[in-house]
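Every chain is named by a letter (A, B, C and D) in the order it is written, and numbering of its residues begins at 1.
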Amino acid sequence: MSEVTKNVSETSAATLQTMRERDMQKVSAKQKIVKICVQTALYLFLGVMALIVLFPFYWMLVSSVKTMPEYIRPIPTLIPHTWDFHNYVEVFQNEDLLLGQLFANTLFVGVVSTLLSLIITVLSAFAFARLEFKGKNLLFAALLATMMIPGELFTITNYQTVNSFGWLNTFTVLIVPFLVSVFYIYLLKQNFQQVPNELYLAAKVDGTTDLKYLWKVMIPLALPTLISITILKMMGSWNSYMWPRLVANDEAHRLITNGLRTAFTSAEGVTDVPLQMAAIAVVSAPLFLVFVFLRKYIMKGVSRSGIKG
Amino acid sequence: MKRILSTLLLVAILTVGVCGSLTSCGGGGTGGGGGAAADFEMPAGGFDTNTPITITFYHSMGAGLRDILDDAIADFKKLYPNITVEHQSFGDYDGVRDQIKTEVAVGNQPNIAYCYPDHVALYNEAGAVQTLDILMNDATYGFTAEQKADFVAGWLAEGAAFGDGKMYSLPLSKSTEVLYYNKTYFEENDLDVPTTWDEMEAVCRAIKAKEGDKCIPLGYDSESNWFITMCEQLGSPYTSATGENFVFDNAENYAFVKRFRSWYQDKLVTTKTLNSNAYTSNLFTGTATTGTRSYMCIGSTGGTVYQQPEQVNGVYEFEVGVAQIPQINPNAPKVISQGPSVCVFKKNNPQEVLASWLFVKFLTTDINFQASVSMNNGYTPVIKSAIENEHYQEWLATAGTSNVQALGVQMALAQAESYYASPAFIGSSVARDQVGLLLSACFASKASDAEIDAFIKSTFANAVSECKYQSGQ
Amino acid sequence: MAEKNATLLGRVWQSISAFFKEKIWQGFCVNILYKKFDRYKGWIYLAPAIVLLLIFTVWPIFNTVRMAFLEGYTTMKDVRGDTFSFGLGNFTRVLEYKGFLTALKNTMLLTVLTVPISTFLALLIAVCLNSIKWFSRALQTIFFLPYVTNSIAIGMVFAAMFNMIIGGGARPDFIGVVNIVIEALGGEYINWMNEGAEYWAMITVMVVYIVWNALPFKILILLGGLQSVNKQYYEAAKVDATPRWRVFTRITIPLLSPMLAYVIITGFIGGFKEYSSIVGVFGESMRAPGDPTYTLDTMVGFIYRAISNQEGTASAAALILFVIILVVTMINLYVSKKKTHY
Amino acid sequence: MKVELQNLTKIFPSRNKKSGEEVVAVNNFNFTIPDGKLVGLLGPSGCGKSTTLYMISGLQKPSSGKIFFGDEDVTELTPENRGIGLVFQNYALYPHMTVKQNILFPLQNLRGADKLLKEEMLARAYEVAKLVQIDELMDRKPSELSGGQQQRVAIARALVKMPRVLLLDEPLSNLDARLRLQTREEIRRIQKETGITTIFVTHDQEEAMSISDVIVVMKLGVVQQTGKPQQIYDDPCNLFVAKFLGTPPINVFEGEVKAEKLYIGGECVLSVPGVADKAVYVGIRPEGFIPDENGGLSCEILGVDVMGRDVSIVSKNAAMLTPSVRSIVDADYSVAPDQKQIRYTLKPHKVFLFDKETEERIYFEVQ
């Protein structure tokens, strides 16, 4: 009796084994199919989303080379029949626009304010991340609290302030008031704090001054963050509108967005969409170039979560 | 979080403390030209022709006009070598107003600026505008009797329409609204140019019946002007500088709004706002190239140049005609008076004010400048001598489709007796904006015939309360 | 006499300078620079930032609070020398004003709509990007592209895409590329933002644009979070034959919760400060042509406009906005503290 | 270089401001570290050993007291002026620099008379790299090294300046067990070869005992005992030291002294001449037990571990304060499989008495 049972159980165990193996094969084949399906779906979804994301850029570029009659065709041409670049020429020739001067002004303001802002940000972030002093935490909390206040609020008082300094219609007024960004300080402080404190102590033991330590250790380690701060700041200068319009709206100091706005609002009448698109494309181009060359740094800087080593 | 909260609390406490101490010293940071400065007193030695002096002029001139201004400044420099005039364009009138408004708040206003009457009222809230009576009547530096007489009288008087009888601004150049029409089309179709709104409706319906979907017979650029002009023509209340300011909420006004709305709904008319914020001249001249055309356009004489059709093989697509805008009563026509005036701002240094005055006097009395501006863009000169000037008259004589500016000026001069101006007070510009908005809102409303009266009524009421809110009442 | 005076003065000066050199200067060197320097070093490093912040951030805050509590305050009147009574007048005025309530409603609505949509989409895209092999880098770049644009300029492009050109007929001369796509898919064209456009249509346009604008940052942060998740969790899940969706809800989401909390909180703050994207699409009038009021006004838009002639009101509105942001952020932080898993 | 600590005290302000209590991290530390010795600061975490090390390095300033290097008072000197090398627990290597750059880094900071030429720096770097046997790895980044290699780089970086004193903070704690043994020997070798006075901090008594010339046992900021490792082991001055040192740890019992006899659980186990009658703690080293059927201390056997050289018997006794009684006896001794009870006599020099209140050692004459 017991012999038989044992036999049966042995055979069944064997069958079970083979069945399981077969199942495994089936499962793996099925898994493969599922995997391929899932991957296809993923690519399809991402492809569609990418198209949606890209479409406005495409539409801007395509529209900028169309003529108005082609632009308003009931069935739009996806590839323009006429490649009409005269809009671009017109953007540059526009007497009200003075694009070259605008570019130069914007670049100057952007570069100088970025450099100064970086220095201030690095020093402040270092103090918050590494130095111990009385009131540090309170001060930092206060800074963070100012971040919650909508910045638009500062405009009128700041205007009074810069005027009493005699800074109107100078580059100073475009650069100085917004040199400090609590957000950048916060960003860099977080980054600095990920550098182990022992590195600082080690440097102190080795007789490194704070500034040298900053320069030789902290800055290289936080470089991606610094680069992304640089880009953000440059983008800020490139896109700023309200403040420059208010405080430095003379030709010698006017910045690009304002220039565009002034030129297009004072032009009477017709909404020439292609011309408008060409102007936007020209103004957007430098940012795209920066992005193309520094993509790695921008993306890494923003998403970087820790340092190796 | 706790820490942030406690910080905020601290900030709040500090703030209340600081506020308490600040309430008493409100305008502490303001410099020259504040309200405390009394009326102008002529400096003892007269104008100092030795000390270099720089004055600033804010305007909204485009590139073409700026060249003319530069020439005028060069001419002025020959008369007064020690005065340097710097000028800057702020795109449009609102740009100038916003800039000066902020600057007045810190006592840093320019010396001279383009202005509309309600801008003057706004600046005057801070007492920043220099009254010109003493300067104007000064034996040495003021207008001569001839110069004073040279001004088109009605326009000069507008500068003193601020309730106290004092002179706050001088007219620089003038514009008005006229009816541009497609002369070729009108002649081909044997249409009469409308002189009343009833005729206008008939003409529009006739054109619409003929042209169908590809046509909106009439474009009216400015909804605000349309509303205000209708009030003026009908004699219905619009605004009042005294007592209740905003009095345009009345049945008479409902009626014309409702009437014109039906025009819009029947695609007989469009306005700038409802034409996707594009001047309706693009429909008139066909530059919109959307296929839809208009055959009449009511717009400013300041924008006449945009009413000029494109040339094909050296020939204009059609001939442009200019006429008075339609009236309620053609025997007593009413047309709006517009265009930039200039005002002078108070400064602590009387020499600066005097220099500003001299420049303003120069701009308003210089035939060359006055005529050049007019010839450039169709504005009307404010002095008769410029109008009667030989060269100018020659230019006027060439009026036609190739010289539309002159066409506009001719019309503007022809109706010199019909101009009106609305009262200026704080909030008059708000009222202007609001009536324009309410007109286009009623036009665009999808309300049914049963609902429309209620809709119009509530839109008017909202506009009045908005006026009151925005003007700080 | 003068000379004597001079020498006397000189002597006094000498003794003072000697005293200064010996006592003060040495004291300064030893105590401040050497001993105390360490203690004050932090402040020295922070000095430039603090000075600038005091002038351009702290002072304006005080001044704003001051203006907010001075009833009917305008700088114009202030310059003229008017006095203002201290009170809550500006606040009641703002809260009773219809336009402000519109702005409040729009701001809330846009925030409540765009933050979940953009977060969800960004999460979806990030997860997909994280689980594909090829073109991952290229696709990341594409999805990041909107990050480097001027929101006013690209807003104008969106406007061009949604805008119709109305003609003399019942059907517009040109219905805009978006409507063309809708018609191609068998739908009926919609008046998105021309005169007489419905409120929901305009809001839809704004939601599309704001989401489009907000995606890159969120994708980047979430993707960064995903990539830093230890692969072992997924391997462990695989060993347990955990189904995909379960992996997603039980492993991915909890591990990603700090990043999710971050993008949601910043999304809310950004949402309450929405302004330039609407200006980009609808212009500074923030409405479709023919709207009598600022139909699409936001809190910041309201404040900006009031700044030009009603500083007291503007300040009061700004303080209200500040309080709202503060409260929402605190609620967010509270919830995320409860829900984030590490 | 002799290092002398005089009344060294470090007080931290309390984190909790309301209570206002201060934390005394190091209290009145007096000690002289002889020249060229390897000294281990030993204690449980929070005992103030790291604070002491940091004060010696100059990274923290003492609240009071003085530090001398040789005859020079260095209390007020900044770290870089003290001539020390410090190796951190996590090595603190600059992650963006190669091994070579890491080692060169301290040299590049030298100023004035100490300034070196580039070639000299490189020569020094290679010399020290050879000493710690990493000269093959000079161009790698820290992330490409194993834990042990990183440790050596850190030591090399500390040594390259030729410090007067080398300080090591928990040098072995980040290494796995095998590497730990190896690195321990390595540190010993390097210290012997260079002859630099070396102070290291550890919480691992075995580590401290195996390589130190002298160890300092600390508890809650107070030095408990200093001396050679064996000496402290054999002659602990209080219950804490006795318990902290030794693997397996010392066995502790409740005991009583009556008429110069020591009783544990009512049984007389040892005569303790010169001790007054009182209740005491009795500490007995595992090797202090001799199985003896006539012995005074009886225990119930729980298990027997045979470890080759010797045998460890785990048993229990009603009066014990440790979780069990572990004795290590000669491998020749065998326990019968069914044996439930065992009796011990005790080696008097392996038995320590401690006062019940002060936990201080009570000495008795060993006959």
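Basically, contacts are C-beta pairs under 8 Å (C-beta built on N, C-alpha and C of every residue); 3 or more make two chains touch, one makes a residue touch a chain.
Quantities reported herein were computed from a predicted structural model and do not represent experimental measurements.
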item	value
Smallest number of contact steps required from chain C to reach chain D	2
Any chain in contact with chain A as well as chain B	C
Pair joined by the larger number of C-beta contacts - B-C, A-C	A-C
Chain separated most widely from chain B, comparing mean CA positions	D
Chain B and chain C, separation of their C-alpha mean positions in angstrom	37
Computed distance of Cα centres, chain D from chain B, in Å	90
Interchain centroid distance [CA atoms averaged], chain A/chain C, Å	14
Distance between chain centroids, defined by C-alpha means - chain A, chain D (Å)	53
Per-residue overlap in chain A, given as positions that touch at least 2 other chains	72, 156, 160
Junction residues of chain B, two or more chains touched	8, 11, 102, 105-106, 276-277, 288, 290
Touching two or more other chains - residues of chain D	none
Contacting chain pairs - touch in the sense defined above	A-B, A-C, A-D, B-C
Chain A residues within the chain D interface of the complex	196, 198-199, 201-208, 212, 216-217, 220-221, 307-309
Chain C - residues contacting chain B, complex	61-63, 65-66, 69-70, 72, 74-84, 86, 97-99, 163, 165-171, 173-174, 194-196, 283, 289-293, 308-310, 326, 330, 333
Residues of chain A defined as touching chain C within the complex	38-39, 42-43, 45-46, 49-50, 52-57, 59-60, 63, 72, 74-76, 119-121, 123-124, 126-128, 131-134, 136, 139, 143, 146, 148-150, 152-158, 160-161, 176-180, 182, 185, 210, 231, 235, 238-239, 241-242, 257, 260, 273, 276-277, 280, 283-284, 287-288, 290-291, 295, 298-299, 302-306
Parts of chain A lying in touch with chain B, wherever the complex brings them together	68-69, 72, 95-96, 137-138, 141-142, 144-145, 156, 159-160, 163-164, 168, 246, 249-251, 261-262, 265-266, 268-271
Chain C residues within the chain A interface of the complex	39-43, 45-46, 48-50, 52-53, 55-61, 63-64, 75, 121, 124-125, 128-129, 131-133, 135, 139-154, 156-158, 160-161, 165, 173-175, 177, 180, 212, 215, 217, 220-221, 223-225, 227-228, 244, 269, 273, 275-276, 299-300, 303-304, 307, 311, 314-315, 318, 321-322, 325-326, 329
